[in-house]
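This structure is in structure tokens; I'll ask about it shortly.
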Amino acid sequence: MATYVTPPDTTIVPQRQRNGRGETIRFGVIGYGYWGPNVVRNLDQIQTVDLAGVCDMSALARERVQKAHPHVEVMSDPGQLLTSPEVDAIAVVTPVWTHFELAKAALENGKHVFVEKPFASNSAQAQELIELAEKKNLKIMVDHTFLFTGAVRKIRQLLDENILGNLYYYDSTRVNLGLFQHDVNVIWDLAPHDLSIMDHLIQVRPEAIVATGQSHLNGHEDVAFITLYFPDKVIAHVNVNWLSPVKMRTTLIGGEKKMLVWNDLTTDEQLRVYDKGVSITSREGVYNLLVNYRSGDMWAPKLERAEALTRELTYFVECITKDEIPINDGKAGLRVVKMLEASTKSIRQKGALVYL
Amino acid sequence: MATYVTPPDTTIVPQRQRNGRGETIRFGVIGYGYWGPNVVRNLDQIQTVDLAGVCDMSALARERVQKAHPHVEVMSDPGQLLTSPEVDAIAVVTPVWTHFELAKAALENGKHVFVEKPFASNSAQAQELIELAEKKNLKIMVDHTFLFTGAVRKIRQLLDENILGNLYYYDSTRVNLGLFQHDVNVIWDLAPHDLSIMDHLIQVRPEAIVATGQSHLNGHEDVAFITLYFPDKVIAHVNVNWLSPVKMRTTLIGGEKKMLVWNDLTTDEQLRVYDKGVSITSREGVYNLLVNYRSGDMWAPKLERAEALTRELTYFVECITKDEIPINDGKAGLRVVKMLEASTKSIRQKGALVYL
Amino acid sequence: MATYVTPPDTTIVPQRQRNGRGETIRFGVIGYGYWGPNVVRNLDQIQTVDLAGVCDMSALARERVQKAHPHVEVMSDPGQLLTSPEVDAIAVVTPVWTHFELAKAALENGKHVFVEKPFASNSAQAQELIELAEKKNLKIMVDHTFLFTGAVRKIRQLLDENILGNLYYYDSTRVNLGLFQHDVNVIWDLAPHDLSIMDHLIQVRPEAIVATGQSHLNGHEDVAFITLYFPDKVIAHVNVNWLSPVKMRTTLIGGEKKMLVWNDLTTDEQLRVYDKGVSITSREGVYNLLVNYRSGDMWAPKLERAEALTRELTYFVECITKDEIPINDGKAGLRVVKMLEASTKSIRQKGALVYL
Amino acid sequence: MATYVTPPDTTIVPQRQRNGRGETIRFGVIGYGYWGPNVVRNLDQIQTVDLAGVCDMSALARERVQKAHPHVEVMSDPGQLLTSPEVDAIAVVTPVWTHFELAKAALENGKHVFVEKPFASNSAQAQELIELAEKKNLKIMVDHTFLFTGAVRKIRQLLDENILGNLYYYDSTRVNLGLFQHDVNVIWDLAPHDLSIMDHLIQVRPEAIVATGQSHLNGHEDVAFITLYFPDKVIAHVNVNWLSPVKMRTTLIGGEKKMLVWNDLTTDEQLRVYDKGVSITSREGVYNLLVNYRSGDMWAPKLERAEALTRELTYFVECITKDEIPINDGKAGLRVVKMLEASTKSIRQKGALVYL
């Protein structure tokens, strides 16, 4: 029976030997645009994977596949992969509005599915896919790549070991110039990263969302701010912006015992853990309230360097082989989609409180 | 007759000679806590000012005055300054809940008033003070110090000369560890800086506010996020936090033609102006929408180095002497207080949209 | 007749059409270790190049070639490429002690030569190769890649347009942890970058060198400091270190009119040009010497983004096709080798002044 | 009997009570230029000090003393302090060429002496002062302020506890625009900081010095590079420059076990200790030399925040009262002067090796 497990620190060096049963998972990839090449390159290097084919409607994209991976079959019709008896799993790396149809077809044809984030265009679609997979006993993994970075894995460890103490807030800034999407706003484009990380790190579920923002150029919000209310006074905030002159990927996490800053753009010392904090020790009348500040060492733990996507895809193969539920399964994908939906609903009403 | 003027680039080197009429403005200062010493030190150096006395209820604070300024009279009773015929103007540098009473008494006694930000505890108080000053033909200046920094003056110039083009957004992050206030939340403590800067830079007035946040320690919000909706799709956002392990004072301003980053914590190159932008040139069907990115040079203009408070207080003396209305008059103070009130109202309702 | 030219801003987008005469240059590459893969990848993408084969003695290296470039012939014997009538030019991307023999064989067989830096193990070897190439009317290009970066090209432009004014100094820091070489010291490993850049930027030739340093681990200096004396009071300094906990690639260039900082490790704004300077306006007695400081704007010009090696190799093909002398020809390579020799001689005598 | 001691972590909060014997040290200060105000301000705040007077030849300087310290006596004739029976110790905060005469007069009159760095214009002067002080049983302290910073104290602790392991190198960069001195070159101006820090941190004494540099503007070298050879393969390097567009104060220290970077310009995390290193484990033939790189966590220890000069002057008073030899005594000052002399001798001969 499948069990819900934390992803092990999987051996990411390609295994020279097949697993005991000699099984390989045969993958078809649909979509070779911005992110697809990374998925294909990684699948091509995992020893327990056979790359059965790559599909893209664009002839130019197919040319790029052949140039980079001359031994891999390319095609323009996804049906060829979706229905092939030679394919065990489908990676859907296409625009979000196509996820549902492709993932559904894959599941119906008995294939496991790896879907680009966000999982689906709405929660009804996500729910339907989850149910279909359960019925068919197939795996869904939503590509919440960041969960597999050295930084997020270390933060999760710091939380698990209660090094940060009770959580106060999670505050992420994810801004840059473009790339403008024409089918979704900046929240659907950039916030899934933050929302999936939060979903993974924060043990309680958000209760309500407030989102504000503005569209300036093409009718989709290009600047947006999301607040998430969690139980136990935990609050989260995400600042996403397609119109920033500088790129920033900075997350502050405040805990009762320690606080940290994660800067995803630096090569070294991405994570800085501060022995800093505040405590209130006495309240004899409002003016005798004593605030104590603690300021000690800073510590930048060494992080695992392996490529997150390699670790994630290897883990997906293991989940399939061992019949385990991925941490980033369809339900995790659904939770993120629900947050995106709530954000959209809130932003349309200029920050209305939307309960989840 | 008084006229509303942009503050001239006042000569901040102390004038060795009194102005033509030989006048000096005699100042009394009430409050010598965190900020008072800066006000006193500056007033003591301005040649057209006589420092009539400094009042603080704390004996320790009075000792500090005498140590630093042995020639200045100190006292514990503000009434002594408020009613003295030897005093022309009062600087109120006390906690916000005392501003109204002290400023009102000063005005009633015919003194001009320089009031620490935020102007007052609520807009009714602010309104009453404005009316009283008008009736008495006295000046009010609210200490929006940042308006007099080299950075804000340069940004204003870039906007006035239309170098940034139409404004898209204003996004400020103002976070650090403490100092916790026991009478106000983090918005009333830190956001007046941002709100007064916006009020000065953005030519249109905000229409509505959404504020979210959470209190973790002493019953006042220590983490808060404010969104301000302006006309013409301009949007502003302020992130204030007393629980951040690192200090940040970063403002992004996005315009149609150029964008800038202002980092108030660096010594050099605080302001970086980027020749970056996005434009939409064609929309033949949603999928042919062409987004053009422009990325050119970055430019860090040299900024005036003079202390902002020196420039501000010198300007206040000039406004009194020349009977001119300060840019940071009581009305500017009132506008900021209204934004703070709206933020408080919104945050209490978890992000309700509050119209201004 | 060949002419010495500044490299044109070559079209680096692969040309879809062959040049007018339909010629292509057929390249053989010898060496597929650390840098070879970049040379092969680039040559494979240049339309006017045919990649005739890649040679490496290591079976593992040959496997990597085949994996990355399945259509390219691989071999273990360099003679196969060196003597092939199907090869016009040889890229020598091997350890420095093998350069002479391979390049000599290539030239003797009538091939143009692209040689990794440093050009040769000593100046006699370099001189012999230069003479051989001249006799055979063949081109030598030494891989001084940095000359083709956007940063160096922009600095050269600033110098050519006299924007920096007379040069005062050039000061480079190039430190990191490892990679230790077992056949050369840190000067021969890292300083060729700086020496070749200086050779390109500074219009006068260095007169003398002082080098100091120390070896701690394997008998080769791992920390070293080089001073170069140029005419006209220009001085240069290079700090190279294999034992630094942090990676630094920072160059300061001081001119009479402007000064600049080049940080090769940042993604954006690598080059910062400061309107800063010092002048002495009067010297009425030593104590009346007036030093005037000028401090104005900072400006970070946009740099060309194209990969330097692509531009360099494209330029090499053009030099061959158009019979032009590359800026980084054998003579430039020889000048760098002479500086390295002088540095070695100086460091052995603990900083003895060695004339060039 | 006096003993040579490491400075205790002196209580830097001004002591409210005199020491047991009720003694105070009565100080006269000569020189109120750039650094004098800091010495006066600190002496004025130390409870075991009486500030007997401040002397400066400049009327403007004397005015500044009176403005800042109205209760302190000022004078233009140093003889008044040097011969006063009411003075126990003299602080000499004047240009270097006046140190000898003033310090000598102070010692001859039975006063302890605190002298600005560098101690004297040459080693003969320094030697004479040391002998005079010994004969008179008086204390000399040379103002090597940096020894009392939190950063240097922590580095010393890391070395004492053998956390860094055997030292490999010390490499300091101390550059900025100006301030040009008219009586000394950039080495005498800036390098005393680094040389005194090295003298304190490195337990062995340098054997030889090589200095190179160039003067561009006023006849004194404005750019200089110093290498110091120590026993046991320890090497040190100092890069000083008055013509840099940016200010840098960065020191790298490489040890066998750990390495650190000290950036004196940041407010937080000035010291970063890296668990990084290199080791050679095997040498079966030159090509089988195995270099092992270690890269672990980074750690930024919290540093003491107290002002270094406060700690230093408090320590001087203690050395006088308890008859102890300061770590920065005349002999330490002499060692630094000898290094400066050797640097001057070397730079005049373009990097000649000068033994110490």
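Read from first to last, the chains carry the letters A, B, C and D; within each, the first residue is number 1.
The criterion applied here is as follows: a residue touches a chain if its C-beta (ideal position, glycine included) is under 8 Å from a C-beta of that chain, and two chains touch if they have at least 3 such contacts.
None of the values given here were measured: they were computed from a predicted structure.
Two chain pairs are in question, A-C and C-D; the one with more C-beta pairs in contact is C-D.
With chains reduced to the mean position of their C-alpha atoms, the one farthest from chain D is A. Taking each chain's centre as the mean of its C-alpha atoms, chain C lies 41 Å from chain D.
Work out the mean CA point of chain B and of chain C, and you get 53 Å between them.
Looking at chain C, one finds that residues 246, 268, 295 touch two or more other chains. By the touch rule above, chain C contacts chain B in their complex via residues 268-269, 275, 295-302.
Residue ranges of chain D in contact with chain B, taken from their complex: 70-71, 246-247, 268. Put simply, chain C touches chain D in their complex at residues 168-169, 171, 173, 175, 177-180, 182-183, 208, 210, 212-218, 223, 225, 227, 229, 233-235, 237, 239, 241-246, 252, 254, 259-261, 272, 274, 276, 278-280, 283, 286-287, 289, 291, 293, 295, 349-353.
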